[in-house]
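Next up: some structures, all given as structure tokens.
In what comes next, chain A is part of two complexes: it sits with chain B in the first one and with chain C in the second one.
Right after this comes the complex of A and B.
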């Protein structure tokens, strides 16, 4: 394996936790915990807490637990025991150090990936219990600095990377111009009311991955899709507020997203290759606002690519020849059931799929999701060391011939980049869009 | 007198322009936009590589071409608006006449209802401000969001950043670095966040959603926050005549409608947004979710019995305020609902209903299977078009202007409303 990543863990340097905890009083902690538990946690919470028989069968599900040689402190039930159970047992009478540790556990030692829910004999959603703790941490003002900063970006600009109002349409127009060098008549239609589809992305795309917008535009153009992108807020489908426990901000973001689509009179929203955003628009944010399901259907990129390939709207000129392995992102596979679509797309685009094991809904998390990577540099090594098991899984796929790792999720992409780099796995990481763009039939440039 | 009185209301169909010819004339033709009176149709067209103009009824709107043109729209007063770019600079063009001032970038145009005032957000040297009818704010800011234009078209406002924030400096951010700037001048009070805002009808006052800290939200009017705070709030509205300010607020997991910081509607809802007054201010409606996953309209606090699973949008009162219409979505089906009664016809898409001047008729642009037509009182016009725009009633309400694209031609139809409604 390779040398450890250069960026060292900087424990104790998180001003979100340090300064947040320094302002707490025992009374504030007790009242906040009990307010959240009494006023915001209903039968679901009560059922989970009262149903758990402390059997520990969830432990084997957790990549942190497995990567730390079965250290029980990293087991899902261990995290529950160290956080919400203790808050309940002591009726909120815990101290600042406890809160700091609870923030670290829930924000940097759990990805909310929900693999443990499948291993629990009762199906207890332990990730939900972790989000309750995150909500308490938010209410106490002790959220880790970098993810809190991301939430601040959401609050100002309705996107996660401080992308300003002009920078968004300007970037789209720049990418349109770039793409016109390849396909002279290509357009990225802005504000086209009545289009079939609104395409939405997360802010890293305009910020530093603009080629993904370019590729999407080429795919849309060649597939003959009637599409548009908004020039207003509502374009960004990401949501770190969902992970900081700032539900009110989450609702604000999701309302903007769906109302933008409604304003544009589109019939569907197609979203790029992002997992957490799918969770936000398909499950969490929409429901906080009162929508049982997304009011305008959400189509994840995996599903969309499968759809246009099945319909023959995109033709593959020559399949991708290097053997690929496929990472199943938690939010769109355990949370959205898109694993078979992902395999269909892979087989349509690539000559050889080398399955990693476990896979589909049993796949290991990337260890970046759930807002963990957004907690930033102080926790980078913890995140990488907490997913040794993923490196082992990737090494095994590589040993069976895989050369390229497809990860149809932004957080997974970034997290697995760190894993691959740190452990020296030696797989090239790509989005589906990268490969689709590469292998599809396009006009001669 | 209603300007529409001067329009051609002679029944019949008249082809205004053949868009097919444009497609032969230009490299590509973008989405067409039509003048309110239906006498002109325009589209951004590509002349050559990196060269664009606007084609109006078959002719370019001016001699110059531009590197980029976007956001083409007809204003209510019949002027044609677009954002144009030349030599890397951006500005606004109205009827082909560019504003003298150029900017680093221009976006987010806002128009008054009568179309006589145009405001845009601009960026110049990474500072932000607004320009109203070509006149720019004297003060600019490092960040600007949530732009607004007063109904009388005389004032602009936006949320602006008035204190510097270092990278990832969450402490400074939470001290409150944002406020409202009106015509470029900031309020003295600062907030953690400032979001949607509303001007009073005469433009003299302004209300905004604000966040005092990460957990306390309220409404600030002319810089003064309501005395009460809430878990969160949605955008405020001014009463059309008495100056009071109303806003949906969330307390205890439910949404309530508050007026000047005090409860206004008795019932609470799972969701409540888009409070909308009739023009005389006597009636107030809002989109509400009376229970999780069901949506409807509440009129003066009382929800309609008809509910929809997915969405209710496009709330609109009749001119005299006596009637109320909205769109509802149930699965893929959009329906029109008027005074609580849901039309039998379902559509793949529907647009905001339009009342006749006397309020007796309701019309809407609708889409089925990729074809567009007009519905009046739940009955459909017989023609299926490639595109239509909002229907326009004649001042006496007896006739209707339908602007349509059929077989690539833009056609101006004037029909008797009775031809559809019976």
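Right after this comes the complex of A and C.
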């Protein structure tokens, strides 16, 4: 059996970044940086930059810093020092190499998970400062290729995986048919005006993971929910433009999403198990459009499952017997406060919960979120090496009996899969929906 | 990018284990991915999935929806996952020599 040969270079070429940087001129760099810092960044930016006393208390909050043996270059403040502060100090007069490095730092060495913001004595939101860097990188045309391709798909099709107009309803009808083999009366109601709930997902579900739509349909059906899905654009709640700093595109996507829900006259939008999409509709996208809170209430799957379980709309036939541990995704826990709901759902569905430590809002990031996994294969090992602490945290939970790892977020799911596989942790990874579907009372097939 | 040697061939792969170029796809690559993905036995059904993926990719430059894959092969979704446990976007695309799909996957 052949073993992989020695790596010839540290990582693969990122065309988006390399080509983008090759086209830069000193004038363009200077003007773009100063435009963003002077014209787009208001008092919030100024306050953060001027308040930071460089104490370094944010360092140990960061999984990259911890996983790189406390290398200060990976500390949150170190990442600000290598990007924003240099741009300010040199008044935008930095070179292409600097921009390349800044793009790598902000796109592949920070997950915007905001754990550091909790440990900063002043509450400085360093993730926000990193998004300012991404905004500059975007305006310079140097965004890493894989995530930029995703943003292009958003721009063309209003979804992140190049799903064409007719392919979306076709996929829903296909999953309706497959689910009808199990529950003959099941429907996935399309375009039902006045339904209580619009259910929204991210594009990987119809593209490759259609079983998640199947499961959701069974849960909705059995809970007796008055729900619908749109047949038009606006169904994909994801938003990689939010992570590339393309705020205009982010706004366009969120507007389409909310307008679709408004057109269907639904009371609430329930979304599947995704973290970044939650951030885009509950925090960044709605606020960019001018709504402090979503114009139509957003209910994340965790909250929705808790609601239907509390109301007794779903009965558990037999609890999931294998011991589980629970990964708290940053966007729905630090960003949405859903950690106790997540534990309620876990206890309702599973016999044994083995907490990992730290947990809840102090949990370590998966190292995939913030658009980092979306930067693609050139940076996979960086994600894995940058999150050794996650592997250690998971090994400790496993030593205390955990066999299954629940994570209610797509990015966490994929990122943790890579961590578990690489370090040989040996945990099976599931969504809440997988377990709920498995243990719920259903009609005999 | 890392290189692997297998059955007398040398492949250049990205960090997710996808081949550097569709042009370099060959039968030995299929065998390499079979081993990497932990697939016990390659059947005609695996080959059919690969053919459909490649045909679609040549025409459209991206991987098809799993719906299209199901419709053209006649395999149910569950069966596609039985053939490729890591899924159509990972294992099947990898074996067919397609690049890693972009997006949250």
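We adopt the following convention: the second predicted complex is superposed on the first by the 434 of 445 C-alpha atoms of A that agree within 3 Å, B and C clash if a C-alpha of one lies under 4 Å from a C-alpha of the other, contacts with A are read in each partner's own complex, and residues count from 1 in each chain.
The definition used in the following text is that a contact is a pair of C-beta atoms (placed from the backbone, for glycine too) under 8 Å apart; a residue touches a chain by one contact, two chains touch by 3 or more.
If you're wondering where the values come from, they're calculated on a predicted model, not measured in any experiment.
Asks: Using the superposition on chain A, decide if chain B and chain C clash or fit.
Replies: Because the two structures are overlaid on the shared chain, the partners are seen to fit without clashing.
Asks: On the A-aligned overlay, A:28 touches which partner chain: chain B = first, chain C = second, or both, or neither?
Replies: Neither partner.
Asks: In the overlaid three-chain picture, which partner chain does A:194 touch, first (chain B) or second (chain C), both, or neither?
Replies: The first partner, chain B, only.
Asks: After the superposition on A, what does A:170 contact: first (chain B), second (chain C), both or neither?
Replies: Both chain B and chain C are touched by A:170.
Asks: Once both structures sit on chain A, report the angle chain B, chain A, chain C from C-alpha centres, rounded to the nearest 10 degrees.
Replies: 90
Asks: Let me test your reading of the model: by the given contact rule, A:374 touches which partner, first (chain B), second (chain C), both or neither?
Replies: second
Asks: What is the contact status of A:231 with respect to chain B (first) and chain C (second): first, second, both, or neither?
Replies: The answer is first: A:231 touches chain B but not chain C.
Asks: Considering only the touch criterion stated at the top, classify A:16 as touching first (chain B), second (chain C), both, or neither.
Replies: In the superposition, A:16 contacts chain B only.
Asks: With both complexes superposed on chain A, which partner does A:210 reach: first (chain B), second (chain C), both or neither?
Replies: A:210 contacts chain C only, not chain B.
Asks: Does the superposition put A:39 against chain B (first), chain C (second), both, or neither?
Replies: After superposition on chain A, A:39 lies in contact with chain B alone.
Asks: Pick one for A:149: touches chain B only (first), chain C only (second), both, or neither.
Replies: both
Asks: Quick one: smallest Cα-Cα gap between chain B and chain C in the superposed arrangement, Å?
Replies: Comparing every C-alpha of chain B with every C-alpha of chain C, the smallest gap is 5 Å.
Asks: Overlap of the chain B and chain C footprints on chain A, residue-wise?
Replies: Correct list for chain A: 146, 149, 170, 376.
Asks: Which residues of chain A touch chain B in the complex?
Replies: Touch list, chain A to chain B: 15-16, 19, 39-40, 138-139, 141, 145-146, 148-149, 152, 155-157, 164-166, 169-170, 173, 177, 180, 184-185, 187, 189-192, 194, 231-233, 246, 248, 251-252, 255, 258, 262, 265, 267, 289-293, 295-296, 376.
Asks: Spell out the residues on chain A that touch chain C in their complex, using ranges where they run on.
Replies: 1-2, 4-5, 7-9, 11-13, 146-147, 149-150, 153, 160-163, 167, 170-171, 174-175, 178, 202-204, 206-211, 214, 238, 240, 274, 276, 373-374, 376-381, 410-411, 414
Asks: If you look only at chain B, which of its residues touch chain A in the complex?
Replies: Those in contact with chain A are residues 27-28, 30-31, 46, 49-50, 68, 70-71, 104-105, 107-108, 121, 123, 128, 143-145, 161, 168-171, 173, 178, 192-193, 195, 211, 214-215, 217, 231-232, 250, 252-253, 270-271, 273, 289, 292-293, 295, 309-311, 313, 329, 332, 348-349, 351, 367.
Asks: Taking the complex as given, what residues does chain C use to touch chain A?
Replies: Residues in contact with chain A: 1-7, 10, 14-16, 18, 35, 62, 65-68, 70-71, 76-78, 81, 87-89, 100-105.
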